[in-house]
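Just dropping this structure here.
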Amino acid sequence: MLIFILRRILIMIPQLLLLSLVIFVLAKAMPGDAVTGAFMGNPDVTPERMEEIREKYGLNDPWYEQYGAWIQKFVKGDMGKSYVHNQPVTQLLAGKLGNTVLLAFCTLIVSYLIAIPLGIIAGRWTDSWFDKLIVGYNYFSIATPIFIFALLMLFFFSFHLGWFPFGNSVDIRYDVGSWDYFVSKAKHLVLPTLSGAILGTAGTIQYLRNDIIDTKLKDFVKTARAKGVPEGRVYTRHILRNSLLPIAAFLGYEITMLIAGSVFIETIFAYPGLGQLFITSIGGRDFTVVAALVMISGAAVIVGTMLSDIILGIVDPRIRID
Amino acid sequence: MVKSVLEIKNLQTSFRIKDNYYAAVDDVSLTVHENEVLAIVGESGCGKSALALSIMGLHDKKVAKLEGQINFRDQNILNLSPAKLNKIRGKDLGMIFQDPMTALNPLSTIGAQIVEPMKYHLKLSSADMKKRTLELLRRVGIKNENRVFSQYPHELSGGMRQRVVIAIALACDPVLLIADEPTTALDVTIQAQIMDLMKELQTQMKSGIVLITHDLGVVAEMADRVAVMYAGEVVELAEVNELFRKPLHPYTQSLFSSIPSNIKDKGRLHVIEGMVPSLQALDRNGCRFAPRVPWIAESEHENNPKLHEVEPGHFVRCTCYKNFHFRPEESEGDNHVFA
Amino acid sequence: MSLLKVNDLKVHFPIRGGFFKTVVDQVRAVDGISFEIEPGETYGLVGESGCGKTTTGRAIIGLNNITEGEVLFEGTDLAQLSGRKKRAQSRDIQMIFQDPYSSLNVRKRVLDIVAEPLRNYERMSPKEELDKVQALIERVGLGPEAVYKYPHQFSGGQRQRIGIARALTLNPKLIIADEPVSALDVSVQAQVLNFMQDIQKEFNLSYLFISHDLGVVQHLCNRIGIMYKGRLVEEGTADEIYSTPQHLYTKRLISAIPEMDPAKRLEKTHLRQAIDDEYRTDYDNYFDDEGRLFDLKKISDTHSVAML
Amino acid sequence: MKADVVTDKNVLIAEAKANNQSFGKTIWREIKNDKMALGALVVFIVILLAAYISPFFLDVKVVTKIDFHKIYLPPSAEHWLGTDKGGRDIFGQLMIGARNSITIGVVITLIAGFLGLTIGLISGYFGGKVDFVIMRILDFLMVLPTLMMIIVFVAIVPKFNVWSFIAIMSVLLWFGKARLIRSKALSEKELDYVNASKTLGTPNWKIMVFEVFPNLSSLVIVNMTLTLANNIGIETGLTFLGFGLPESTPSLGTLISYARTPDVIQNKLWVWLPASLLILVMMLCINFVGQAIKRASDARQRLA
Amino acid sequence: ACTGKEKVDEKEPAKTDDKDKDTEVEEEEEEPAEEEAVGVDFPLDTTNSEAAIEDGEMIYALVSSDPFEGTLNKVFYSGAPDAEVMQFFDEDLLAVDGDYLITSDGAASFELSEDNKTITLSIKDGVNWHDGEPVKASDLLYAYELLGHPDYTGNRYTFTISNVEGMPAYHDGTADTISGIVVSEDEKTISITYDVATPSVMSGIWSAPVPRHYVGDVTTGDVTIDDILASNTIRTEPIGFGPYKVSKIVPGESVLYERYDEYWRGKPGLKSVVLKVVAPGSVVGALEKGEIDLASVPVDQYNVLKEVQNIELLGQVDTAYTYIGFKLGKWDAEKKVNVMDPNALLADKRVRQAMWHAMDNEVIGEKMYHGLRFPATTLIIPVFDSFHDADNPGRPYDPEKAKALLDEAGWVDVDGDGIRENAEGEPVVLNFASMEGGDVAEPIANWYIQNWEDVGIKVQLYEGRLHEFNAFYDLIETDEPGIDIYQGAWGTGTDPDPEGLYGDTASYNYTRFVSEKNSELLAAGTSEDAFDADYRKGIYNEWQELMVEEVPVAPTVYRYELFGVNKRLVNYTIDAANLDNKYPWKWGVSQADPVK
């Protein structure tokens, strides 16, 4: 296990290095740079001054030198400084990362809470009335653009009913750690979470449904029935356990997908997280931040898949990771 | 008089194919006695497994329709509620499946899988159940039973797994054991071991066994009585020595002469012409084997053939057996191309 | 000169492991076997699952890389040939596969399946090609309309015969048949076996017949090699092997054949038990110090056994 | 008698020829047997026809003409679906937009499908070192956060139009497919029909193209139909984020992304709802058809 | 374009006393309104005349689709959102009047020397930082030391700073101190001497001090600028001497302020203030639900907003204008001057005049902006009351006149396709570059293209599309040869001097228009004589006249900005001339709960 993790981390290093190179080159290739983003159009900042600042930031060095300097710091955990926020990127990310991860996590949980029971029902009673409804919902969730859905959620629940706040992650008036704070945090999470979760169930439901339909026909299920195991138990003990395995294995992957896909939800609900930051940073040509975000997402993918493999290794006795 | 454990009367198992039901097991009546091995042979698709699953009540109600009676200890299994059926299954009725590779839940330990039926049927403490399980494992010939207890199926070889499957079937001392091709998926040497094991267990337990196979060798080694099935029907039923000595039904005869080891001089094997008809294409009124022995005159066959008891305990379906002979020019080739 | 001569053939597969997934060990799937096949002869290769039968067959026809040793076909080492020559030579060896379902491409019509080798080796007009395929198809006992059908429209036995037709297209000299009948029902099996015998006579074919069904092997083969753990443990004519098996493993294998006479079944059980006992007690005597089976030793002109 | 046999034979041959079920026919039969799928196909074809034929009747110049006197007119006889903030006819834009969006979706699907297929097939079929190298590259590419990369690319590309959009998307969307195809090819090449072809002297490329590929085709077709829906959708999302096509190239995404202010989303449904519904309907249609094709490719699930 | 891209920093509300001058404005995301404005005369002050309650709380909306960056220091911040956050807890020492000229009403008074080169600030008593320390003269010096510091990379090292005597030397690192700044012994007064006297000092002087003791001193080497930037003293626990002190910050989202009882002007009107970021799309809903009390509202929502009962709408003309620029030359990077190209496609001013006449801005303002934008006439906006020439009509929409001018210029349709060829008889297609920015940018660009086509000039969008902010300026700044016309927008800040945008050495003079007359007038506008307002007005009138004649750029529309205010708010104004109420300290609420 330890060896497995070690090896995966070892593999991760060249991958991340390559990723860093790619994103660095790409970020550099964007028209304009952080100085343009920050000062362009401010007549008081003369072109000379802008050159001066570029020089200070090292923006005029050949790209490989810039890359070298940047990656050396990066390896040491210093992701550089955001030009727009005038702040170390690590510091900048700290708060947002937490928000995004929290949102992703809640979305995942809620989407599982919806998807797993529905998937089970659809799989167990295939072609029933329920099943058709669930499949219909599935189609709907695949076909609805997430931002339209999120906007409608926002307009309905916030504007019309006024049940939930319009944006941000918490009401500042409550003290960190207090019950009110917790409630406020939860209230702010409800809409983004629900929007993401309701549209995010399709994969799981479909997978679970198909897998249960497959597993139902497996011989070991017949064995179980032949043992005299009651029907309900056949499902909970034998079929479900087998069908849930892949879902558990997707967990790591799903989280990374959610983090990467947070852009829409965060933008619409003005939820301060990585996705929103990414869009802002692209606009401001804040390429240290862009690069850091891409690196984080890349690392998240790697860690996510590793996590999936580890989970699978733990829950599935057939798979030994070493 | 030996007691019968299972009495199948006019069982008909039909599958739904596009809105119509077609019988895969057609009007089968069989009796299994205590301490007896009843073998059911026949080629692939003749309805052996369908019969076994009918007895166990394992057919999916949505596709299968069962008619007739399956009396197990004077209860008709077909009329039992699921709960009552579950009381019998795994307790008095044990089943051994063909493929040991897929018959075990890959995610549970061997121990847990053997314990499971006990949990539902025996009132035992968990320590007792474990003890019993270990003993069972030993009885099916597994030596390091303590280790195997906590292993997972994929860690065992095919032969070992089949032993585990047998142990599960035996977990609650069943009165009747149904074994659907228990050795087909195994290597010859392992097959021999499993056969010997089953024989040994059978002498100990005195339960009835329904042994389903397509291998006449296995039948010869294990069976007390044999039912030969063709296209959903029992075409011949006899005591094993009787059948091997004097197979009567054309199908049985053909079967025997198509086995290489029965042909001494490396000559040609007998080939049954044509193909097994599909469920839908089957002509259900005449002799079902008639299309495959076209040289036998139509008049030799019976309409809606019955089982005739030709000798005590030896039944044959259809009158065509009486004047049956292999196609004379058969040695010339098996095909119409040369005809 | 024998048609095929296999000399100390070894096929090893690497086992990877450790931190960097390096090769830590070898699976000795075939570990030094030698045998010869004469023209027109059927050589049977028997052994339990996983002993290396398939690997041997695949190595001969070139589907597996040979680790060591040589395969001489009509005196030339196939492994040494390259390019055109190899291509020319390899049409003389064909293979029949075990699974009649996976060995035919379900997306192709029978015509295209059977004509495939023709298209590779010969230039024929579509008409000639069709005629040839139709002739072959009729030879294996299928109707002429069969060429336009897809594999799924045939039964297992028929499919196996299509596979055989394909192997015959190029008039090979040697056919490697890897368990050609073990997936088939007895009666269908009989059909295929008969047919194989027929075409053997007709085309003077040699077979390398791989099987674990001793009954079938006995019926079909002139000489038989018994394999165990990648090695040959005994080799001889069918009679020698079945009547006077020498090696413990051979005996065990033969005793495992079910008895066809119900009256003698007790006897057979006892015989098996006896051999089992012997197997347990004497097992170690059949291996050398390194735990490797001994080399074959001739005990008569045709009969060799792996013993000290 | 003889003649009889011959005609018989010919009849049989003709019958066999007629009955030989190509995959295409199987799909068609499957769709025919599924009312939903058939309906979906019909609707989809109608949409396609409308989208691709309408430009012959619509003057793009007229449709995209700005007229500030006609801003946000509700649907009327003159403007079936009303007008947008520039006084442009929504219906016209919907037609042109649908065509653009569908073209984009289809072309991306085809290119990404082709790339994924070729590379996956090569990797899976050859295995060994080739596979190792390709897989390491793929491993790396899989690490790329797709959405982010697309956005970065969009920011870089100077001449951003339909074709550069297609290029960017295609380049970033084939990895998953390649993996899928590879794993399938890997198991497929172990099957005996591939071995058979090898022993029959068929060169590798031929085996790949004519033997293995047809057997993957069902997987490919299913995957492509299902991703087609996604690819049409992704353009919409990017446009919403501001990284999609310029307004001068109307697409469904452009129309939907007008729904950004409360006023439009609440009071001017005609601007964004038709495009949203069109997308929904198209996605549903594609999915229904896709499911039917999926069933056709899997004998176990076939209805017919 | 999406909301995420909007460059908001220049869109500061006039009430923040930022010292930035002219700045580039990106078109904000605005939707046209569908009905005609019933009259665009908005009040500047709230009408609620009830008394403010003692312990009220106000919720202030920072309208932005992005989080605020949170660099809460006047020296270092870069975005307008941060300025909005700072207005509650920090202020400049000098207050400004309705013309944005400095007064002595603030925390400090000033005195200008005879030669207009030295300004002396005296800090009043009782002006203390939130931690109780007095605001010292050296705190202001510290701001200059930071601004001029070699490591400083912010955008406020501008002319007003570098114009300070000795600043360039300090900036280069050749001097340790700034010779032009002298702090008195008692830390109460500070005098700043400039190299060049300019009236800009009246509107451009930097007077925001930095609490040296609190953020750390870079001159002693205690901390570095990077340390300060990363430090909580300017991020989550900043201090100032404004009416409210920061009690808590959730970075990027919201700020909670508490009353600073010792505020030098007196006890502020609210017990606490909550500031939170609200996305433009949510503003109206939030106002209506009483979730926020005060917000700058996007004009595109005017239509919905005017129906909302619980708020008042305040509005005034913004310090910005949109324009069409004609590319007339190139920037000579060597000599750092603009050079006109006599062969430019649009070198003939009659064509440019015609193009201005051809643009129907009236309709844009009325239809798309609901009357909240109106045709622009000159390049000095009406906000600068004293300098804007209200009598100059500019070049109103008049296609006939446009056609006549074109005929005159020799641009006639030779081949009869409805499109004019140029004086040489060659067909011309002009390339038009425009920036993405909200939903309206595209229709407007196409509207102009249609307008021009109506008078026979063929124009097409450069590369067939609008360009994203960065890409757009990359193109304009580098004088991309393919571009003939572009649409831009300038925020003017609070200094009317147009030199930075139109001077012959100004790199932001993107049209590259130069003329002797122009240079002369611009120089005169900031000469010592210009301390005389009438003189200055005369000069600027002349300049406005010149620009309408030469048309290097054609201003298109002036704009209103709107504020939605909950009816419980008292003492709130957006009127720069309302010296009493324009600072937050008097703002209050008349009831505990918002009017719903």
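Some observations on this one:
Per-chain residue numbering starts at 1, and chain names A, B, C, D and E are given in the order in which the chains are listed.
We take it that a contact is a pair of C-beta atoms (placed from the backbone, for glycine too) under 8 Å apart; a residue touches a chain by one contact, two chains touch by 3 or more.
Here's who's who by UniProt: A = Oligopeptide ABC transporter permease; B, C = ABC transporter ATP-binding protein; D = ABC transporter permease.
This one's a predicted model, so the numbers in the text were calculated from it and none came from an experiment.
Chains making contact with chain C as well as with chain E: A, D. Top contact pair of chains, counted by C-beta pairs, is A-E. Measuring from the averaged C-alpha position of chain B to that of chain C gives a distance of 31 Å. If each chain is reduced to the centroid of its CA atoms, chain A and chain B end up 54 Å from each other. Between chain B and chain D (ABC transporter permease) the centroid-to-centroid distance comes to 50 Å (mean Cα coordinates, whole Å). Inter-chain spacing, taken between the CA centroids of chain D (ABC transporter permease) and chain E, is 48 Å. Residue positions 30-31, 155, 159, 267, 279, 282 of chain A each touch two or more of the other chains.
Looking at chain B, one finds that none of its residues touch two or more other chains. The multi-chain contact residues of chain E, meaning those touching 2 or more other chains, are 2-5, 282, 285, 468, 470-471.
Contact between chains, as defined at the top, is found for A-B, A-C, A-D, A-E, B-C, C-D, D-E.
Contacts from chain B toward chain C in the complex involve residues 43-44, 158, 187-189, 191-192, 195-196, 199, 214-223, 240-241, 244, 254-255, 258-263, 266, 268-272, 275, 333-337. Only residues 1-5, 29, 31-32, 34, 280-282, 284-285, 298, 300-301, 303-304, 360, 363-364, 367-368, 436, 439-440, 442-443, 446-447, 450, 461, 463-466, 468, 470-471 of chain E touch chain D (ABC transporter permease) when the two sit together in their complex. On the side of chain C, the complex with chain B involves touching residues 48-49, 138-139, 141, 155, 185-187, 189-191, 193-195, 197-198, 212-216, 218-220, 252-253, 255-263, 265, 268-269, 272-273. Every residue of chain A that touches chain C in the complex is listed here, in rising order: 3, 6-7, 322.
Across the complex, chain A is touched by residues 17, 19-20 of chain C.
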